[in-house]
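Paired with chain B in one complex and with chain C in the other, chain A is shared by the two complexes that follow.
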Partner chain A sequence: MKWFKSLMAGVSISTLLLATACSGGGGEKADGDNKGSKDKVTIEYWHTYGDQEEKVLVDKIKPLFEKEHPEIELKLTRMPYEGLKQQVIAGVSGDAAPDLMRMDIIWVPEFAEMGALKEVSSMDGFDAVKESVFEGPMATNVFEGKYYGVPVNTNTKVAIYNKAIMDKAGITEAPKTMDEFVAASQKAKDAGAKGAIGIGGSFSWGFLPYFWSLGGELTNEDYTKFDGYLNSPESIKAVEEIAKWQKDKLAAPTLLGGEPGTWDGMKKNEYFMIDDGPWFYSILMNEEGSKFKPLEDTVRGLMPEGKGGSRSVIGGEDLVIFANSKHPEEAWTFAKWMMTTEPQKIMSETGLIPSNKEAANDPEFLKVPFAKEYVEQLKTAMPRTPIPQWSEIEAIINQNFEKVVRGKMSAEDAMNDAAKKADSLLK
Partner chain B sequence: MLPVKETNHPEINIEKDPFSVRFKKGLKQWREVFPFLFLGLLGAGVFVIFPLIKGVIMSFQDYNIMPGAESPFVGLENYMRAFEDENFKYAVRNTILNTLVTVPVNWFFGLFFAVLINLHFVKYKITFRTLYYLPIITSWIVVAFLFRYLFADGDSGLINFMLLKAGLVNEPISWLQNQWTAMVVIWLFHIWKTVGWTVVIYLAALQGISKDIYEAAAIDGSDGFKTFRYITIPQLRPITAFVLINLVMGAFNIFPQVYFITNGGPMGQTEVLQSMIYKEAFNNFNFGYSSALSVMMGLTIFLITLAQQKKLGKNTDE
Partner chain C sequence: MKTNPIAKVIVYMILILGVLVFITPFIYMILTTFVKGAYSLPRPSEVFSAVPNLDNYEVVWTKNNFFRFFLNSLLVAGVATVGSVFFGALTAYAFVRFTFPFKEFIFRVFIFTMMIPLVLAIVPQFTVVKSLGLVNTYYGLWLIYIGGGIVGSTFFLRGFFEKVPKELVESIVMDGGGNWRIFWNIYLPLSKPALGTMAIFAFSGTWDEYFVALTIIKDEMMRTLPIALMMFQGKYASNWSWIFAASIIAILPVIIIYIIFQKKFVQGGMNEGSVKG
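Showing the complex of A and B:
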């Protein structure tokens, strides 16, 4: 029996070591969970709201929801944007995902295909929610004909012009058409602007507004084919035009990742025009001690209208429920409630554009000094292709686009190649 | 025949024992040590061996990470795909280039500074050693961002600012926006971050060489260079083997240098294997493809290390 003793001794030492190593995490949780009120359900909500928005969420939204639904407790976790997708993947595969998440609209089809999200179109009261929101943002939740989320807020980008440079170049108002826009950019350049057209970078979110406005297109209407669209003569021309801006030095260095960034270029009166979302205003207006006054020092306009119209790109976030949520009913209750007019209005105080039609057209919201142009632009803004393969296809398009801008590939070859690769990924 | 107890040489005993006795004895020894090995084996099993095997299996699958989801086997498809992928070509090229450029430089500077610090008239040896080691304990991300700011485009980047002021260039260099300049920044970052390790290892090795040998050489009239060439270098040989193997592995595993500075840009031309593996898995959800790349990379490192060890190890025996 001696060996048994030594075995026990060894095992107990090992387990002791293991236990002390793990006890830090395990101990606390047990107390908290057991003693809370018995019927109250806690739902965990991951969000990526900014500082201002988080304040409203914690101070106003949470108390209001819990007052109306005393049986549910909302646990808020603010997630950093950096590396978020990886964290969500880890959460999903390790069964540690939250109940709800506010995620970038472009991720929804991808996670839906993976099976990570709960389908909400069959949930109670879904149709009413669908009726109440804008069609464009709602469409970003579709995967194979079913809905996997609801659009909690939407946004788009408009053209933002620097007032000081406009004055210097003798431009009095925001250009309306593409021709006026290019002419004005040339003037601004001649007047000493370091960069005239501040495209954020050679990635789809940056160049799509110009590409679409110039007449380019990505896919057919039901997002099943790139060939014949991405490489249509119009698309090739649009890319060629942007490459020409780079060659003529109209495009700001940001197009190829150079400095200063769009915001710095605007603040230092070096860039004539950039495009950005409402956060440009909501963040910079709250920047303490800054000499730059975004409302007074810039002029807003819709994206200049070209062959394709005045097009911008839809951004925003959808509220999704994870497939392995332990409380899908309660999570849906919150998602549904979040889409109603009242909370939508409250969140819009921060400059987030409500996806609820009633809240977006509320006179109170339109009083937000920069809201008008964004709501107007949303009417013609388009979503990036809502397909699960988008991030992979996007990388291909971005890379080929950059090659054209750098003069390493002809627009025709680049778009043909991208369309071929994209279609092979769709299969 | 029962084992004789009076002898102090158990190894002689074992040879005489019949198999059953030896087996029992071995079993007893195992029983005594096993509980203590258990935790280590468990840890290695869970965190090293299982992921290793799982990774190899995944490389043959169209893998879905959802618990309970199906992951069909696709044969060698993931491997074939790599050879048609333009990004893979860049990744392999850049990983190899990084190894070829940084390993010799790292090795040279490591030895050079170690010998320098070890010179008998150099004071504050520990201070120097600490200084050289500092880059290693600093955070990758912090330093990566620092390098990004140092080499920022336009005249606002410190390096560009200094070059312009000194009149060495006429217009700012877009360091990170062009393939080769970006590669230079990545290499510099890699060398800066890892050379301290080489210095510390060599310093320890230098201090371990017996003074007697140097004294004997001095008596025989050997000068500084000859002493270095015929005594220091040969004495350091086993350490050099160790250092080179580790430097090669470190250079192959280059990841934060690229991911945080250029993220593979421009146009995927600075991509390396690790950053590509990471992005394929966690941005594009191609876990199978990503595993296939990892397996190929792992095998390559294994073969290189094996070859190096054999070659360098043999020489030390002679």
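Showing the complex of A and C:
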């Protein structure tokens, strides 16, 4: 059987090589065949909007864009999330990627490194776009000093408190500082809450807001070093504090993947606090026949302020143009247009937070009952490390973090180990 | 033969327990489809107090072009099933009846391809389909489905074909029949149980297939059912009662195929008694 094993290994490796080689090479050509023809150009746009958002996109955005740019037709394809990354890789390496895509902000550096994306910082009118949007979301498009996309919408998470439990525990307003927050959680726990601090899980999107607010940090400022930051005394202390919440049973079972989930616990008045994005409101407000009224039954607050300030994590999507797009000019025209105030305002009707500053501060948008706290939180929210290796490094940090929470590893060992492994991946 | 009644009771109890274990998740799933707006999985108390209704099914059926995708899937899986079973039978026949150079080596290569994980093969496969100009066509999809399916059915049917008695074949040869007649009138009818089993595998395999379908098919209206199912899953929250209702609809054809073919499910004895000892 030995020959068989080595044969198999050989084939797998060559397949992998082929995959990377293909995806690396598709970068050079572009331009060319879109010049001189006056015919209508069709640009293909892969998006991942939800049901309500897709409706707005099809009924309002598409007609408006095509009216203003009659020479361009926008072809929309909605992609499911499952296996989406592999779909993009297959599309890029097979020269069958669309012109544009709306992708999660953390994917952009990774695909940029592969050579799959077109650099947009040199495109006409880029600086004006950059001026008009929030800095944090814009920063998620950087790879090696250049920009590979524009932030089409942004989001973050705020603290959401359960009104019924607050009343029961005699808490009148959302805690502002970390100390108040922990004290309030203890009160809520004593008043019978099944879980007080509803951290979504032991993954970075879930725990980073607490880690950062408690004073923890991931890297140095230009994202080149984890050692000395991820395992700094402050970071270790932050992880220890979260582990202590788990030990004191302040943390809800969700931290280790237990039931009920954050939404369920909030809806059933079992959890004192959870953190989540604007979709918590936009989805649950649209739910027919539900007894739970998200606006009346919860109180929103910024993340409690600790040593690191009131920090939350930036999420959202960037609009990117693929390197092998046949119509990069037209694709950029659309991307640029999508970042202007009008379309940004239209998309914000669905509860998506505009990344365009003017649209986000538009009184019309701020009338969305839950918008204010999110826009406020965005001012101090931070992006996850925008580097191509982030998904690998994240997996290491998550795993070690979980070990600490489970009491299987000391915070110091875990963070030292993670920092070492992370730095070796950066090289 | 006498059976001990106590032993019988025990056997039945174990069987009933087994049935419960296997069927409970399925029943739970059906009951979940009666709950409204389950963005987190509903708890037992909610599920068991749900009043049966078809509201979620109605929503799902009219949403996201579900019906269109259902028909697409029927076409894709139907052709792929017939193709992979028929060509697989032909290939298996060749492996059993003919001698040719590198026969065993080729067969090993066949088996080997079954062990490559799909995700690893997707990029090369896509590149091939692309260079044939078959992206965004069902032909491209069938090429991969049938090509992949042949391997499994050849492997499976070869074993079956080898058990067909030589004497039966000789009787045809004596009457002047060729290979086609032997294949069509002896091998195929005698292997009905195996063919039926293979058809079930091939159908449920392609009916459920998500990844290749999404890669090859670019046009939204040509997508298949599993893709439509995935569309119900959101990035941040999913309505589980919709997902489950859609899954139940999606699973129906597979259940029907099982019911049709289950009598033919691998049963021996088709050729017993055809040859005098």
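The definition used in the following text is that the second predicted complex is superposed on the first by the 389 of 427 C-alpha atoms of A that agree within 3 Å, B and C clash if a C-alpha of one lies under 4 Å from a C-alpha of the other, contacts with A are read in each partner's own complex, and residues count from 1 in each chain.
Simple rule for what comes next: a contact is a pair of C-beta atoms (placed from the backbone, for glycine too) under 8 Å apart; a residue touches a chain by one contact, two chains touch by 3 or more.
Given the structure is predicted, the values throughout are model-derived calculations rather than measurements.
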| item | value |
| --- | --- |
| Touching partner for A:277 - first (chain B), second (chain C), both, neither | second |
| Partner chain(s) touched by A:183 [first = chain B, second = chain C, both, neither] | neither |
| Which of chain B and chain C A:288 touches, first, second, both or neither | second |
| First, second, both or neither for A:81, with chain B first and chain C second | second |
| Touching partner for A:260 - first (chain B), second (chain C), both, neither | both |
| Chain B versus chain C as contact partner of A:366, first or second or both or neither | neither |
| First, second, both or neither for A:93, with chain B first and chain C second | both |
| First, second, both or neither for A:50, with chain B first and chain C second | second |
| Partner chain in contact with A:114 - chain B first, chain C second, else both or neither | first |
| Doubly contacted residues of chain A, that is, touched by chain B and again by chain C | 7-8, 11, 18, 86, 89, 93, 95, 260 |
| Chain A - residues contacting chain C, complex | 4, 7-8, 11-12, 15-16, 18-19, 22-23, 48, 50-51, 77-83, 86-87, 89-91, 93-96, 260-261, 263-264, 267, 276-277, 279, 283-284, 287-290 |
| Contacting residues of chain C [partner chain A, same complex] | 36-37, 39-41, 43, 63, 112, 115-116, 119-124, 126-127, 130, 135, 210-211, 214-215, 218, 220, 227, 230-231, 233-237 |
| Chain B-facing residues of chain A, complex | 3, 6-11, 13-14, 17-18, 85-86, 89, 92-93, 95, 110, 114-116, 253, 256-260, 323-324, 391-392, 395, 399, 402-403, 406, 408 |
| Contact set on chain B toward chain A in their complex | 28, 31-32, 34-36, 38-39, 64-67, 69, 152-154, 156-157, 174, 176-177, 265-268, 282-286 |
